[in-house]
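Same chain, two partners: subunit A is paired with subunit B first, then with subunit C.
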Partner chain A sequence: MLDFLIKLQKVDRRWIYLAVAVACIVPFIVPMRLSVHPSRETRGVYEAVEKCPRDKVVLLDSGWDAGSLGENMGQGQVIVDHLFRRRIPFIVVDIGGSAQGPQFMNAVIKDIHDRKYPDRRYGTDWVNLGYNPIWGWQVITLVAKDIHKAFPKDYQGTKVDDLPLMRRTHNIDDISLIYTVNYSPCEDYISFVHGVYGTPIAFACAGIQSTTEYRFIPPRQLVGMLVSARGSAEYEVLMYPNNPEMRVSKGTELIVPMTYGHLVIIFGVLIGNIGYFAERWKRRRV
Partner chain B sequence: MWKKSLIAIVTFLGGVYFFLEFVVPATIPWKTTSGVVLSKPTSSELEIGLVRETASIQVMDRTTMVRRVGSGALEQALPDSIRPGDLVTVTTPAGYSTTGIVMPESSPRWVKLGRVAASKTVGIEKSILIRRMRARGSGEQVGLDKLNASSSASADWVQVGARTYLSDWYDNVNDFFIVLGSMAWGMGLLSLWLVHSSNIRKRRTEWSLSVLFFAAVALGVVAGLGFGLPEDSREWTKKLSDIVMFDLLRPLGSTVFSLLAFYLASAAYRSFKAKSREAVLMMVAALTVMLGQLSLHAWLTSASTWILYIVTTGAVRAMEFGLMLSGIAIGLRLWLSLERGAFFDREV
Partner chain C sequence: MGIAGEPQTLWEVWLAAFITIGIYTFLYSDNKLYRALLNIMVGLNVGYWFIVGWKQVLGPKWWDLAWGTLHAHIPAGAAWPTRAVYWIGAVFSHISLHPWAFIYWFILGGLGTLWYFQLSHRYLWLSRIVIGMTVGMGAAVGFKGSFLLNAPQITDSFRPVLAGSPSPLWSNGAPVGASVPVDWLQSANNIIFVTTIFCVMVYFFFSFSHDKKTIRGSASIGRWLLMITFGAFFGNTIMTRMAIFLERVQFLVRDWAQKTVPVTPAIYYAYGAGAVLLIAAIYFLTRRPPAKPPVPETVEEERQPTGPGATAS
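Let's look at the complex of A and B:
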């Protein structure tokens, strides 16, 4: 028995790979649901969007790409769904994120628009201003002061003055919330926008990146944060508390495989330690 | 040698500008008037209400604030979003209400209210700078046409005075950084071009991958021609753009990233051993946070939240503080050209 326990810390890595693969693939084949408990940081974002007035816009900084699609796509989907539902206009920008950001976000918007809100119009209910390669406060400050100067054209090359939504949006005074969805959101929003203008900021980021961002929530520098696929799954629970069939975001789709994948890792750590202690115990006895 | 000196001079001057911009006020203090804009300004005059503090109120969770806007309507205001110049009514949890103009010294925790005690008309000349004060006391330069004025509702709080000139250059310096950053992209491409073309010319190991690099760049450039075309466009460049984006980059990027899950599981299994007290502490915290990220039970989420909000916040702030101090030290060394190392010891 002791030898078996010792062997537990020397399991071939291929078995671990197989266990992770099975844990992540099976939930796609056999549909399962887990109860999701919205966290404080997710509630913060939801409540901030609920408080947004309809005469101001939400700035959606989306710089994610294929690499973090599993975590960020759902975070983009739920916010677009919520803004369309409340008919709050929004502006999509990509400030220093991935150059592919605008196209990925466009695909998300098109999907939700076609499926649920076909009456919403580009130029009136939302605009996509495309990509600016400079990451950091320089462009962020410019957007706050004069968004037309930072983005003179939208991603299709249309002059922003020709878009009805942009004709009434000039600077930070016209923005009620900034929601930045990225693998690692730009913290300069906190110093250079919230710190100067007081505009509420919400982050949506990858799980691994979230630990360094939690510190902004207690002092209310961030109104909330969506963390990985869990954040978007929780957000959908808040949006559709009594209609589970309406929860179709990437987050809800991935929360079950992600949970089982994590459980495999935790199980691996536990059996590795059982093997380690068994070996130590045997050595002491000898 | 001259290139090195040029870099040192530009770095030094840039540092001097930002240091002075940080410490020198935007307007000459003894020639500055601060207050709320009372009436619509003309091209030559601005009427400013001088405000005297009448109340200082601590903001609690159940403190409510109502802002009176230009049309006379009342709107709910959050402590984070009130601005100097706002006319607000603050009601404490005990039911005590106070109305007044928000002063620039206010913060989301303490609101300082005042009332107009006197008014002053300031002449607007070319040398005069108008700064509108925002939520956290930091101001922004604005034109007369952008100011909100009112004597009976929320208006802009301004500081008007003779300029110190440094603030005039702020936008230009900002633009310079944006141009510089854009040039870095071109430099990156140029550098890749030089490295990979040299690999091909000299037939270095795996030079075929360099050929692949040029093919990928060419494909990316051609596909980029379809970027921004309408969704229903039948242009071949649009189709190519969609194929590159959604059929190549998307699955490739997702695949590479998802490989991390396998390596992470294997690495955690091998290295996460309770070999010391510190390792046990780290393992317990990591497992609790990981369990909290899952949808298993509400109390697991609560335990994880406590670690993330309290313990991690303290640790990250301490690290950040150390990082900032060392950042200042390194910044000073770079600024004064004292830095030595692989780059600075060589002739450029």
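Let's look at the complex of A and C:
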């Protein structure tokens, strides 16, 4: 028995890969649902959007692409859905993220627009200003002072002065919330926008990055944060508490297989530790 | 299907599925298909970012601003040699009409070009001019940024150990007084927070001895708390990797297997046979004894000549 337990820590990694793959594939084939409980950081983002006035815009910095689609796409979907629902105008920008960011976000907006809110109009309800390759404080500060200078044209090449929404949006005074969706959001928003102007900031980031960003929540430098796919799944629970069939974001799609995958990994960690302690016990006995 | 850059047409779905499965073959073992796909991805990435660098940075931020207006001076139907002559004439005309603008963009372009002297051993010093400018500016901005980023966290760390309920004014619990009863949950939260800061800071004080029992104990608790934090890092890392993997699994199950492969009873037998083959392959591979590492034929050849008379080959 002891030898069997010791062997547990030497299970070939490919068996573990297979177990994780099975745990992840089965929930896609056999639909299942698990209850999702919104966390404090997700509630913070939701409440911040609920408080946004309709006469100001939300700046949506989207710099994600295919590499972080599993996490960031859902975070983009839920915020666009919420902003469309509340009819809060928003401006999509991509400051120093992936060059494909505007294209990916545009596809997300088009999908939600066509499915749920076909009456919303480009130029009035939202604008996509495209990509600016300069990462960090230079462009962020310029956006805060004069967004027309930072982005003279939108992603299609239309002059921003020709867009009704941009004619009434000039600087940080016209922005009620900055929501940045990225694998690793730019912390310069906290320093150079929240620190100087006090504008609320919300992050939506990869799980790996969230550990370093949590520190901004207690001092209210961030109003909230969506963490990985679970952040968007939690956000949809807040948006549709009584309509599970309305929850269709990437986060909700991935949260169940992710849970089973995590369970397999936790199980692997446990049996590995059992093997380790069994070996240590055997050595002491000898 | 088709949201946010996902493959749309049949051949795109099949290509994406082939590349995804090809990359994941690495999980079984290293192989040539995986390496070939990896090299293709690296090549595509380099080419892509080269174009982005020109189209998004050098083109609109420098070339178009400095020389973009010259195109207006060149007749549309002009032949190639004539266009070149027109273009050179327009350059000189542009310089004579806007000398200060030319000097401005010339200096900017020149300074930017100095970065490339990092590739030269002889003229490396030229790149240090722009490096110095960048470091000087970065230091000033970094100071301001760090202060604005960290100062609120330092002030937030001063928390009452016995605290009342949080309020908009006292986000970490109001100070306990006659009208403010103790909120034990908030107090426990603040005690854990302050203890963590204290112990972790003690752990990183290397300038005095850790021989004293109090210091050693605090440092030990600090080390454990750090390890718990690293555990949280690791857990979140797994969550990210899992999300990336699941997105690909979703694509394979939903977009590829269900929509492009014909749903017939035979296909389920094929899936079953594939799964059995995979399990059998893993079983037999794990039973095989590991290959012995290759023994180098001789070590003498690899030795480099040393000493005053040695020369580099």
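By definition in this document, the second predicted complex is superposed on the first by the 286 of 286 C-alpha atoms of A that agree within 3 Å, B and C clash if a C-alpha of one lies under 4 Å from a C-alpha of the other, contacts with A are read in each partner's own complex, and residues count from 1 in each chain.
In this text, a residue touches a chain if its C-beta (ideal position, glycine included) is under 8 Å from a C-beta of that chain, and two chains touch if they have at least 3 such contacts.
Please read these numbers as outputs of a predicted model, since none were measured by experiment.
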{"item": "Side-by-side fit of subunit B and subunit C on subunit A, or clash", "value": "clash"}
{"item": "Touched partner set for A:111, first subunit B, second subunit C, both or neither", "value": "second"}
{"item": "A:17 touches, of subunit B and subunit C: first, second, both or neither?", "value": "both"}
{"item": "First, second, both or neither for A:124, with subunit B first and subunit C second", "value": "neither"}
{"item": "Subunit B versus subunit C as contact partner of A:25, first or second or both or neither", "value": "second"}
{"item": "Which superposed partner A:103 touches (first subunit B, second subunit C, both, neither)", "value": "both"}
{"item": "Touching partner for A:220 - first (subunit B), second (subunit C), both, neither", "value": "both"}
{"item": "Part of subunit B, among the options 23-31, 41-49 or 59-67, whose backbone runs into subunit C after overlay", "value": "59-67"}
{"item": "Subunit A positions touched by subunit B in one structure and by subunit C in the second", "value": "17, 20-21, 24, 65-70, 100, 103-104, 107, 133, 195-196, 207, 210-211, 215, 218, 220, 227-228, 230, 258, 261-262, 265"}
{"item": "List of subunit A residues in touch with subunit C within their complex", "value": "12, 14-15, 17-18, 20-21, 24-25, 28-29, 65-71, 73, 99-100, 103-105, 107-108, 111, 131, 133, 137, 187-188, 190-192, 195-196, 206-211, 215-216, 218-221, 227-230, 250, 253-254, 257-258, 261-262, 265"}
{"item": "Complex contacts: residues of subunit A adjacent to subunit B", "value": "9, 11, 13, 16-17, 19-21, 24, 34-37, 39-40, 51, 65-70, 100, 103-104, 106-107, 110, 130, 133-135, 138-139, 141-142, 145, 155-157, 194-200, 207, 210-212, 214-215, 217-218, 220, 227-228, 230, 233, 255, 258-259, 261-266, 268-269, 271-273, 276-277"}
{"item": "Of subunit C, residues touching subunit A in the complex", "value": "2-5, 27-28, 52-53, 56-57, 141, 144-146, 148-149, 152-153, 155-156, 171-172, 229, 232-233, 236-250, 253-254, 278-279, 282, 285-286"}
{"item": "Residues of subunit B defined as touching subunit A within the complex", "value": "78, 80-83, 108, 134-136, 138, 140, 174, 177-178, 181-182, 185, 227-231, 241, 245-246, 249-254, 256-258, 261-262, 264-266, 268-270, 272-275, 283, 287, 289-291, 293-298, 301, 305, 308-309, 312-313, 316-317"}
